[in-house]
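Heads up: the structure comes next, in structure tokens.
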Amino acid sequence: MEANASNESDVARRYISFKNKILEMQACLTAIEKCPIPVVCAIHGACIGGGIDLSCCADVRICSPDAKFSVREARLGLAADVGTLQRFPKICGHGSRVRELCLTGENFDAVEALRIGFVSRIESNLFESAMNVCQTIARNSPVAVQGTKLSLNYSRDHTVEEGLNHIAMHNAAALMTDDLIASVMAASGSEGNFQNMLPMAKL
Amino acid sequence: MEANASNESDVARRYISFKNKILEMQACLTAIEKCPIPVVCAIHGACIGGGIDLSCCADVRICSPDAKFSVREARLGLAADVGTLQRFPKICGHGSRVRELCLTGENFDAVEALRIGFVSRIESNLFESAMNVCQTIARNSPVAVQGTKLSLNYSRDHTVEEGLNHIAMHNAAALMTDDLIASVMAASGSEGNFQNMLPMAKL
Amino acid sequence: MEANASNESDVARRYISFKNKILEMQACLTAIEKCPIPVVCAIHGACIGGGIDLSCCADVRICSPDAKFSVREARLGLAADVGTLQRFPKICGHGSRVRELCLTGENFDAVEALRIGFVSRIESNLFESAMNVCQTIARNSPVAVQGTKLSLNYSRDHTVEEGLNHIAMHNAAALMTDDLIASVMAASGSEGNFQNMLPMAKL
Amino acid sequence: MEANASNESDVARRYISFKNKILEMQACLTAIEKCPIPVVCAIHGACIGGGIDLSCCADVRICSPDAKFSVREARLGLAADVGTLQRFPKICGHGSRVRELCLTGENFDAVEALRIGFVSRIESNLFESAMNVCQTIARNSPVAVQGTKLSLNYSRDHTVEEGLNHIAMHNAAALMTDDLIASVMAASGSEGNFQNMLPMAKL
Amino acid sequence: MEANASNESDVARRYISFKNKILEMQACLTAIEKCPIPVVCAIHGACIGGGIDLSCCADVRICSPDAKFSVREARLGLAADVGTLQRFPKICGHGSRVRELCLTGENFDAVEALRIGFVSRIESNLFESAMNVCQTIARNSPVAVQGTKLSLNYSRDHTVEEGLNHIAMHNAAALMTDDLIASVMAASGSEGNFQNMLPMAKL
Amino acid sequence: MEANASNESDVARRYISFKNKILEMQACLTAIEKCPIPVVCAIHGACIGGGIDLSCCADVRICSPDAKFSVREARLGLAADVGTLQRFPKICGHGSRVRELCLTGENFDAVEALRIGFVSRIESNLFESAMNVCQTIARNSPVAVQGTKLSLNYSRDHTVEEGLNHIAMHNAAALMTDDLIASVMAASGSEGNFQNMLPMAKL
């Protein structure tokens, strides 16, 4: 039924069918954001339209000097609808340049992406640099790292007071982990030896 | 009645009358923000107090090198009450410098306005530059541009999840526009030929 | 009872006891944020873990060139739970670098703290500079300054519309202050002479 | 332009035009809710569709024994869109019968309207009874009555904590009214003698 | 992995695993609430614990005279965690009796379920009566019915203003349906002839 | 300083001082609501003004046949400001009668208090009946009872989705209690034997 939904002659039924398709595509991208493990995104070449939507769902973004960015949708005749207009200004603020980029659809380069806070760094050896971030994070306790990401995502969309209450509930349980001991040992020179949190959690 | 409201001897009645006046003034400025068409603001000379309130309602801000800015209200004995304290930190973040500027009321110049993200660019030929931004936006489909502004404003004040749901509802209808075809044609070299959205929408 | 709470053998009771302790510690820091008078924070040397939590509660932060910062908690095996994950990204945005710092726990220096908006300035004569900010603020009307801080805090956690309504209610009463006259006089050259708002309000 | 909006051939433009029309109609009804003076609604005969939308905006509803009610829209092929689906369940709860009435569009009578809390009373001498409510309210201080309505409307849409903060701000100013003295005198037997709040406030 | 999650020796890992299990169970029940088609629930015999959780997700509830209800979880040593504490008071209000039933876990009968608004009616011929409700709803336009349910669910969790904006967006598209003509014809005596909205939408 | 606050001649300073006093009084009443243990309120005689404010903070209310109620504040010249306008309609709904009682300040009796859901029951042997509720609750596991109250309070002020997430976090830890075994034993006939949660938790 979904397949021929756009052939519907009734406008309201087409509307409902389109809406469900958009929600489905949004959910695909949101899955990245909801992944309990941090996601590091290495950007090179063209990061246009869907590329922005996708990379906005990552936690950390690094790009090569040749990376080119654009919130292209406005230029293609539609408002971006799978996350850019929601996440890009939460990442970079609702500053003048961010709105300008969304409304004009024009390109911006790596230097500007760095200036507005979209990427952490511009690196020539892009993948090595991205892997380094992953490894640095992976050296920390999975309980700590996943709690941090969970709390950052929650706090982005809630008041400070609600965010504080949320992390208090989370940590009251999470602080009973044995990782705390391993972390302290790691901090004092020996290697941390953490159990993975989830099968996929081999960071 | 409004006219002599501040002559009221009863404090509570004066309070209610003042409050209604402030709400009315706020609504004047909010009208700019609610305008479905993007607003580009060209700032030169002094942008002080009400100037900040006003320019915060625009989508894009460009300034000349001589522009001078100040959240002057604190220095004049009142908390700014027609939008600066609400919109300025959503534009530039709640960073240390933003709060300092609001609490001290001191001046900041064009370079600092750029650094904190309040303006997109400093331009000597200010009006030409501002008109260029308008024209670049106007080359895009009105349906796309207005949907983008609507979604940016909504998303600023809602969670990512609510923003996603909102744009899904909007685009499910907006994607049925014939502009999409015109946009694709424009993107492939020919000039886009869009109907205006609203009489005033001749960007 | 609180004292031996962590000796509880029942996991759920330990959880509830831990949660209450965390909430109590959070309240200690939040007290700084709730202080009606602006708080200026002078940072030098190591500002690590709890140092970030604490300084995030200030309104203005200035640091010396040697200041070193770190959201250390992730490295110590826990998600930061007394405010950093809530306040740091509201101050500096949810940009890539902010998340990276929270997830890796690595150090950042004064220059980076300035770049991401965490501090207003790097100053060699740190305390003199911080006192200057205090004095500049103290020259303004206490009613104006405290209303500004109240509104900034409220607006950070609410929509623009709710923030506008809040300041309208506040100012409708606050504008009846005699400080307005004193401020206008001060602005025109004579010294402002404000009553203090609160005993502790001698800024 | 509005007039021929529905003749638009472009679906997206028709959508935007329809949406603006609906918002405009909603605003007409919301004006009743926003009226600072309490509104008492006397219902007799048919209160169907728009009648429910309208009466939901009142503060107090009284009906005659012959009153007949229906959320008719579902039966007419549309979801009610000028307030019933928002206000009716905030008045009567999201109980089973309320949803059933909205989804079936079937009639309900005065007895059921009373049972679900939609009306305060069933009265044969309807207008006299409604006027009695008005007069009872009008005997109270306008400052008190309008503050009560303002707070009830605000609290309906906010948390208890936010509602408490809102009334604290309001009352801190409103308690400075001279009405308090007049009220205490009225309560001890003499007639209250209040200034009107607003020209239209002659209750 | 999930299977042996509860065997985890690390308390924090067990906590995270438990939380994910609870969220998964909640999602099973929420699926009923999210079903775009109204759900009518016929309750007879024991509706205890999970029975309350489940029936709270329906739109309309009817019960037989012998139905017995209980929010049993408190008596079994846990706070109900798959929806009762969230949905039951939104259905019946946060009145004294509702809280008492949640805290004591004691039984209540059909008459009380009706009194507090949990069920619409007590019917001896339960299934026939429930089918009648379904058929009455099914006689209405699917576009209207599904829009009504969508708006009721959205409005339950949002302010009146946000609910109004939501239905305006929805109806601006939904009112372009051909069902409106069919509905008007049906209302004037002839049988409505609606296309189904979804394959499963054969009400 | 607080003592002579109302003697302030500056209106704005008086306003701020009044506001702080009101917030302080509100906090006294909110402490009852925040008490982790359920509070049962036995009402007899006059429950007027502050009596409503106070009893709204309880979880369960029972009254004697002679109880008389009134939201008296409107009649005394002020909007109720320590909780009634926030909590009373969350308990009883925003129905017509509730608003009428708040706006008129007129009395209502035990029968009406029962009808609108303010009390659970009217009981001649009031205190025995209230103690029975306490004992029934106290027979349940403290972990379960306190989790239930916590979740009810949280859910009253949040969306269903946020309430579900909150109880999932809470229960993921709380279900590790040994009370579950004791509860199951109690449910199968033997007496539950729970550790107290808090010293004051001897229900």
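Order of writing sets the labels: A, B, C, D, E and F. Residues in every chain begin at 1.
The rule is simple: a residue touches a chain if its C-beta (ideal position, glycine included) is under 8 Å from a C-beta of that chain, and two chains touch if they have at least 3 such contacts.
Bear in mind that the values here come from a model prediction, so they are computed numbers and not experimental data.
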item	value
Subunit E reached from subunit C - shortest hop count over touching chains	2
Chains contacting each of subunit E and subunit F, listed by label	A, D
Identified repeat of the A-B interface (over half of residue pairs identical), from A-E, C-F or E-F	E-F
Interchain centroid distance [CA atoms averaged], subunit D/subunit E, Å	27
Chain centre separation (subunit A, subunit D; CA means) in Å	44
Geometric centre distance via CA averages, subunit E-subunit B, whole Å	41
Of all residues in subunit F, the ones touching two or more other chains	11, 15-16, 90, 93, 116, 143, 156, 169-170, 172-177, 179
Chain-chain contacts as defined at top	A-B, A-C, A-E, A-F, B-C, B-D, B-E, C-D, C-F, D-E, D-F, E-F
Contact set on subunit A toward subunit F in their complex	166, 169-170, 172-173
Sites on subunit A touched by subunit E in the complex	1, 10-13, 15-16, 143, 146, 173-179, 195, 197-199
For the subunit E and subunit F complex, residues of the former touching the latter	11, 14-16, 18-19, 22-23, 26, 30, 33, 73-83, 85-87, 89-90, 93-100, 102-106, 116, 156-158
Footprint of subunit B on subunit C - complex, ascending	38, 59-62, 90-93, 116-121, 133, 136-137, 140-141, 143-145, 147-152, 155-156, 159-161, 163-165, 167-177, 179-180, 182-184, 187
